[in-house]
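Letters A, B, C, D, E and F mark the chains in the order given here, with residues in each chain numbered from 1 onward.
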Amino acid sequence: MIRLTRRYRFSAAHVLARPDWDDARNTEIYGKCANPSGHGHNYVLEVTVRGEVDPQSGRLVAVPKLDAIVRERVLALLDHRFLNRDVDRFETEVPTAENIARFAWDALKGEIAPSILDRIRLVETENNAVEYVGAEEEA
Amino acid sequence: MIRLTRRYRFSAAHVLARPDWDDARNTEIYGKCANPSGHGHNYVLEVTVRGEVDPQSGRLVAVPKLDAIVRERVLALLDHRFLNRDVDRFETEVPTAENIARFAWDALKGEIAPSILDRIRLVETENNAVEYVGAEEEA
Amino acid sequence: MIRLTRRYRFSAAHVLARPDWDDARNTEIYGKCANPSGHGHNYVLEVTVRGEVDPQSGRLVAVPKLDAIVRERVLALLDHRFLNRDVDRFETEVPTAENIARFAWDALKGEIAPSILDRIRLVETENNAVEYVGAEEEA
Amino acid sequence: MIRLTRRYRFSAAHVLARPDWDDARNTEIYGKCANPSGHGHNYVLEVTVRGEVDPQSGRLVAVPKLDAIVRERVLALLDHRFLNRDVDRFETEVPTAENIARFAWDALKGEIAPSILDRIRLVETENNAVEYVGAEEEA
Amino acid sequence: MIRLTRRYRFSAAHVLARPDWDDARNTEIYGKCANPSGHGHNYVLEVTVRGEVDPQSGRLVAVPKLDAIVRERVLALLDHRFLNRDVDRFETEVPTAENIARFAWDALKGEIAPSILDRIRLVETENNAVEYVGAEEEA
Amino acid sequence: MIRLTRRYRFSAAHVLARPDWDDARNTEIYGKCANPSGHGHNYVLEVTVRGEVDPQSGRLVAVPKLDAIVRERVLALLDHRFLNRDVDRFETEVPTAENIARFAWDALKGEIAPSILDRIRLVETENNAVEYVGAEEEA
């Protein structure tokens, strides 16, 4: 079994707060990230795929093709955006690291056959990262 | 399934040597770390928790609360200490990276419900790290 | 001559665009950063001071005191903010990396005597950084 | 269960192209790496072993011994080499990151008892890495 | 005075050896890099420009334009190349880090007016870097 | 003018406190580093030399020779030591980052002719570094 991980970067702004919660509750859950004006991060997105190495090419996946899919389906939508305002899904869902990772999983799942999407890792700051593994794809 | 990893840092000194072993045996197992005066490291402690994302908050865990628990139960005891002398457990147990990771696991296990402690990773130098997964918590 | 550099971090959102320029001009100068909704970064702020080492303490500066000044005069104003909206100076001045570095210089100049503020370095992304040296302080 | 990871570095050149494929096919699969003159990388090799912590030493493995094995069986063959020309196996197999990781696995499997080789991670550039887990060793 | 530094990456192979020197002399000067088959690196190229901040844009330089110049005049010639063979200048000059930095300086000098090229930094491995400042440009 | 920087690492323990000062004074100047048991760091030592590139070799300095000098005159004395106890100079001088940098300068000055020692940079933690330039060598 082999896994290949590609690392991508994007910069985005967000607010972590629910309008139906008061400030005390938002701050308890989200800390400083609840500031209503918004703030931002340099996100690192790590996309991991797994499968078998092709015996001829010695590769698990054609990397230029994988990069094109991630750019089109994820980075083009998130990079240099204010997530709560510019991305449909985050108008209702709070754009936490957890939810951004799920957004990337949903956007890429089933798109990179014959490889299988193995996991999404999203690094929000040098001290905070999440890793998401969604429901298994049918490869 | 989602995992969230927080990265913390502490600086500490230690000696890796058993008083009941001679120098040759200590050097065979511990290399340069056996110098009896002690030396030190900038440790990076990565605490990973797993569980379900709360559908309202979009978070796995309240990060400010998690940080407070790790600071109180681990960092306050290890940061800027000489581990063999200042920490009870390391008066008898050799403070290897392996044992420091187990110390952190034992200190945090069961303390972060409803999330589950998934693993502890301790980076001792840029070339040396351990990852510890203890007996499963009862969540 | 000795210099000491402390590294601080803050996360903020900004827009790089002038309202009196059209989109084509803004994009020519600012690239993707001109998106009017805003985006954000994990900024690294490096504050360098210089002077003589105190022969007794062996230190150039009392680091806890320097940290307190930087936190109060810079980080408290910029961290987890939308710079164009939450910081007076950036309501009129475009919050480029260059201007944020000058903001930090102006906030710290003359505040850390007997040391002298040597330079401010602001790292905006892993590929973009500025270094600012303002008019010499009178030490 | 505990895992220990050691990080090693080597610098090498390679070409990613099959002589029996034309340029268009090689470029589709390998991108810029297909340039026939060759190019190179600073590789990072992470060797992870797992097992039980020895209750006396507090260590999973004698690190100086592990380092010596990796240096002799892997680094001495790959460091400062042109892989396609200087390493027998890569005269016929394309030296992709995937295949270099398998080379390291095969070279180390069964050599570090009583520990078990857990995985090989090879970082080729800051944006590209593979992780390989071969057939289970009989420990 | 303000400086802006952009960080670029390229991967290349090279040999450090003079054909008119014997192996002992080449190894004395170049160490392991003298292996005649070649080896390679992930180079980091840092281009620093200096000048005055434009009071309107708040920028020292139009970054998209600077990036285009560096890509066309430096990266397109060096990335994914075997330097001794694919770059005219390095057929006669040994492609040391020092000489690659001078190559970049010569390629960029005078091309980024009204800013002034301040210095070139080339990071060859995580432990080896050079910084080059050529003869002053006439701005 | 060209500068070459080599990066070395060592791990050491130290205490920052003067025995003739009380705890309050030591904590004011040194913060948590004043804990009398000691603590430690993974230090990064950057040695920068400058001079002219040799037109034949394309190198400023024979790197293997420079490495040997730094290992013998600095690293062998500091690596895996408790600085206050194991290094003569630090029995009386407080082993601050500033004083360790001066130690390295004094040990290397005049030893690497025909190159000139340009500066010493010592990184103590990811947030704390000093840079020292001593009295000019007579080259």
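Keep this in mind: a residue touches a chain if its C-beta (ideal position, glycine included) is under 8 Å from a C-beta of that chain, and two chains touch if they have at least 3 such contacts.
What you see is a predicted model; the values in this text were computed from it and never measured.
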{"item": "Set of chains whose contacts include both chain C and chain A", "value": "none"}
{"item": "Remotest chain, chain B as reference, centres from CA atoms", "value": "E"}
{"item": "Copies chain A and chain D touch via same or different residues, half shared test", "value": "different"}
{"item": "Inter-centroid spacing, chain F versus chain C (mean Cα positions, whole Å)", "value": "28"}
{"item": "CA centroid of chain A to CA centroid of chain F, Å", "value": "42"}
{"item": "Chain C, residues touching no fewer than two other chains", "value": "126"}
{"item": "Inter-chain touch pairs (all)", "value": "A-B, A-C, A-D, B-D, B-F, C-E, C-F, D-E, E-F"}
{"item": "Complex contacts: residues of chain C adjacent to chain A", "value": "9, 11-14, 32-33, 35, 37-42, 79-82, 85-86, 125-126"}
{"item": "Touching residues on chain B, where the partner in the complex is chain D", "value": "16, 18, 28-31, 93-99, 101-102, 126-133"}
{"item": "Touching residues on chain D, where the partner in the complex is chain B", "value": "1-8, 53, 56-60, 62-65"}
